[in-house]
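Multiple structures are listed underneath, in structure tokens.
There are two complexes below, and they share chain A, which is joined by chain B in the first and by chain C in the second.
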Partner chain A sequence: MAASIRLGSCIRRILCQKTSLSPLNVVQRGYRNKLRDELVQLYRLREEIGPEPLRHRSEWANWNYNVELFAFGKRLGEDLKEETLRTVFSHKCYIERERKKREDLGIDLQTVSLSLEDNEQLAEQGEVLTSRYIKGYLRHVYPLFFEEGISAVHDYLMSEEMLNYIGRHIGITDLMLCSDFPAKDSTVVKTLKALIGAIQQEKDEERAKRFIHDFILPQLIGVDVNETWKVVNPMGLLTAILNSQNRGLPEPRLLRQAGSNTVMAVYHVGIYSHKQLIGKAPGETISIAEEMAARDALKNLMKTADSRPALLLGKLAEDLNFDENKTNISAIDFIKQHEPKQAAEISS
Partner chain B sequence: MSSSSIPSTFLKNVLNNGIGRYVCQLQRITFVFCKQKGDSRGTRDFIENKLLDFTNNNPGVAVYLQPRNNRSPKLVAEYLNGGRESIVTAKMSEDEINKWLEHLRGRSGIKIARIRKPQHTENPSVQGVWHPFTNKDSSLNKTQFPIQELSEVPHETTTTDKLLEIAKKLRETDVSMKE
Partner chain C sequence: MAHNRVLQWATFARSWWIYDAYHQCPFESAKRLCIFLQGQHKPIYHPLSDIGDHVVVINTKDISMKNEYWRKWRFHHHTGYPGGYSQTSAWRLHDLDDTKILHKAVYSRLPGNLLRRRMMRRLHLFPDTEVPDDILQNVTDQIRQVQLIPKPIHKYSKEDIDNFPKLFDWPEEYVIDYSKKKKDEDTEKYF
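Right, the complex of A and B next:
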């Protein structure tokens, strides 16, 4: 060890003599002493300037709108014409902005016309079709579910949040021609609706329905339809249903209870009709448990219980035919019709 | 590093893809390469020989070529969910690049992380939530508590008991021997 140090210092001395440098000035290799200062300076500069502004994808060199448009059509498996796709993505605000730009530049709009149509009409058409088809499908799948519930599930699927999520995940965002950037959710939703409208207009209604079936309806997977519709008075509705079927009025019974004097109290209530158990549920108090049991019984009667069969999607729904004009019964009307006589007297 | 500090996820699927129709999640891919450098050679070969097959088979993917002098070559993939992945293809052969391209094409765009379980469900229970009365014997409904029978400690012979028994026996035999 000592020998090697001595050898090293010896070599250094010889080298220094040769290059006439004192041992103190030997250049250190492998360390950039100024690196820290440079990085600190860069960091401060960045802090001063602020973050990079968001830029549209089209500002990068690797961008070709025609290519992207072609790929978009192919990706979804819909062979739409290029002009149709252009119309789908052209928003009114964009066309107005372009027109204004040309006016400012002094270009006569009549000689050099803007050959762009906006997607307003297509979006309207798409929305009507989507709404109608979703409702029809839900009524077909849940024939015993009340109309309010169908509307709630329909609203969930047609909500801006949901359609925006779908639109952004099929690659609409980058292609939109609109004046807002970053793209607003409502613009994405409108484009998606316009796309459905365009498929309906160019191909046929069946094709557009297939699109809705393949892209919007699968979002129902994992959603509890009973959760989307909040029943205000489950026991009233249950009574009406049982009354309409000439079955005995619902009779809640306490099945089990535990820890009633503790914070962990649990009550288990079952609902009977003609001595038959039609629903049961636990709860923190008897009244909660009773309400939950009524909801459980409703679920069983409406055939939307947790153990319901899987939705008709994908290959299962290839030759699905249903009457879109058929409607389910509304819960309010149903209660009015089938309220037991005694209860009706009391309420009146 | 402990497993809790490494990012982990459950299995995910973007947009419930494949239930309706399958949409390739790769949106666009950019080949960055140098026209003269040696380490871009595989990439150049790939572009020359195999790229057209790829574009014909995947018309839904926008492909861009970006020649850049004296840079190492790479593949930059952009996904529909906004995800972005790049793979440096320096010194890779044509086939190797093809394999990486297939890897990028088959992905969903979600960042790769340790997957906690090989299966996942959003609604874990079809049979309902567990509560203290699940699978309880229904005879307990009619039982009047407290019952002596249930409060009793079940008596079993322990090892200590057995040892004591053996010791007792030995002692007895000892006494009888002495007599």
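Right, the complex of A and C next:
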């Protein structure tokens, strides 16, 4: 019994030795004196060559464009046809490049067609719809905000920077078929517009509007809409508004002040109309405070003050019906129409 | 179009307060002044941020102390050299400098960190009501006094004193005010 155990352990030891002797597990001992030199050499080589060039995802392993395209549609929750999605991502520059490539290779384009459509028309369609819907929505949410302000917020949402930000975050960069790499911002923006256009064309307009509502309009959360519109003469606009409502002309009054002899002076000015406080603001000097108080009063009158209700987004906006053709009043026209008579004489 | 920048300016602006130390306890006053000097009355208060206000104190020569404190309260000082210790009674220190007691009371009440000296520089002490104009123009508001000022008997009119309800009349020979004591010829001749 004892002998058999000993024999077994011996065999095991031999087996273990055998496995540890495999060339992969050889442990090096001692100092690697040349290690530093090797690393320095590698470093210098890298400096000479420069950084690794950026490569498109398709140049790496495990890339299947059809699968990615299918996954993209599912990710967004829009069941678009594969051909439509392919059109959304095909840019004109890409198709031209492909055609030229085939010509150079001597392939006859009429016998072997490219069967690709570019997204120019879809992008145009998407842009028109997005622009129209955003403006309509803003006018519905801020009915007293002047048209210039609506345009400013619209431009903010439709800016290349903003649409590029949205486009890159829903992952359309890798799927784009375009000649420029790394992808230009304008190409990403065009693709996003084309996507909206495609939803409108294949599904319906409502579906495309839901897309705009879920992806573009939420970017307004946390944004002060008053910041986007730069008013040059707030007091003039305020005077016109009060004049149109037959209220008393704005009368600035110093409410309180502190440290007037110091560099950190602060003045609080309130704007009164018919003995009613309609806006107040602090400022470093009385004139700055007066201008800021006028801005505050404007915010209150246009109902875009900080205490305004939250934007209608998500489920709240499901049954939103508004007239997209209705426009708000333009500030310039309004001033011309309602400027007090004395001021009009002075300005003329 | 917004005015968010100036809202920030107003949040961090320092306001100026005035405090009348007439007939006020310096230690109780210090407790209240320190709140304003540190900015503890502001919603943005944090012990490490320097957001305290300025406080102008007038009439420091007229502070009051309870019980025997003028005589018995002692202020200590050590020069740092051997034998450099000295102590002074409150009345003597007040005699030497009539803003010093309030200064020391506030200084010892403030937390002993690096902000203490800076906060003390925002405390402006004046022995009487004569405050330079450039300081007085900065002032926005006043700080409520810590105790009611007692009204001395000589401030009451004769009518008020006569109308005050009495339980009994003092006998005529009972002397309340020695200065108004009638001279008695019978006793005068013995002096």
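By our rule, the second predicted complex is superposed on the first by the 317 of 348 C-alpha atoms of A that agree within 3 Å, B and C clash if a C-alpha of one lies under 4 Å from a C-alpha of the other, contacts with A are read in each partner's own complex, and residues count from 1 in each chain.
Assume a contact is a pair of C-beta atoms (placed from the backbone, for glycine too) under 8 Å apart; a residue touches a chain by one contact, two chains touch by 3 or more.
Quantities reported herein were computed from a predicted structural model and do not represent experimental measurements.
K.L.:
After the chain A overlay, clash or fit between chain B and chain C?
P.N.:
These partners clash in the superposed model.
K.L.:
For A:L105, select first, second, both or neither according to whether it touches chain B, chain C, the two together, or no partner.
P.N.:
Touch partners of A:L105: none, neither chain B nor chain C.
K.L.:
Considering only the touch criterion stated at the top, classify A:M292 as touching first (chain B), second (chain C), both, or neither.
P.N.:
After superposition on chain A, A:M292 lies in contact with chain C alone.
K.L.:
In the overlaid three-chain picture, which partner chain does A:E284 touch, first (chain B) or second (chain C), both, or neither?
P.N.:
second
K.L.:
Does the superposition put A:K74 against chain B (first), chain C (second), both, or neither?
P.N.:
Touch partner of A:K74: chain B, not chain C.
K.L.:
Who does A:A258 touch here: chain B (first), chain C (second), both, or neither?
P.N.:
both
K.L.:
Given the touch rule stated above, what does A:G222 touch, chain B (first), chain C (second), both, or neither?
P.N.:
first
K.L.:
If you stack the two complexes on chain A, which partner ends up touching A:L54: first (chain B), second (chain C), both, or neither?
P.N.:
In the superposition, A:L54 contacts neither chain B nor chain C.
K.L.:
Just to be sure I read the superposition right, which of the two partners does A:K230 touch: chain B = first, chain C = second, or both, or neither?
P.N.:
A:K230 sits against chain C, while chain B stays out of touch.
K.L.:
For chain B, sort through 43-51, 97-105 or 151-159 and name the stretch that clashes with chain C after the overlay.
P.N.:
151-159
K.L.:
Would you tell me the residues on chain A in contact with chain B in one complex that are also in contact with chain C in the other?
P.N.:
Of chain A, residues 224, 256, 258, 266, 268, 282 contact chain B in one complex and chain C in the other.
K.L.:
Can you tell me which positions in chain A touch chain C when the two form their complex?
P.N.:
The touching residues are 149, 224, 226-227, 229-231, 234, 256-262, 264-266, 268, 281-284, 288-289, 292-293, 295-296, 298-299.
K.L.:
Quick check on the complex: what are the chain B residues that touch chain A?
P.N.:
Within the complex, chain B contacts chain A at residues 14-16, 19-21, 23-24, 27-28, 30, 59-64, 66, 80-82, 122-123, 125-128, 131-133, 136, 140-141.
K.L.:
Within the complex, which stretch of chain A touches chain B?
P.N.:
Where chain A meets chain B, its residues are 61-64, 67-68, 70-72, 74-77, 165-166, 168-171, 213-215, 217-219, 221-222, 224, 255-256, 258, 266, 268, 282, 306-307, 313-314.
K.L.:
Can you list the residues on chain C that touch chain A in the complex?
P.N.:
Within the complex, chain C contacts chain A at residues 1-4, 6-7, 9-10, 13-16, 54, 134-135, 137-138, 140.
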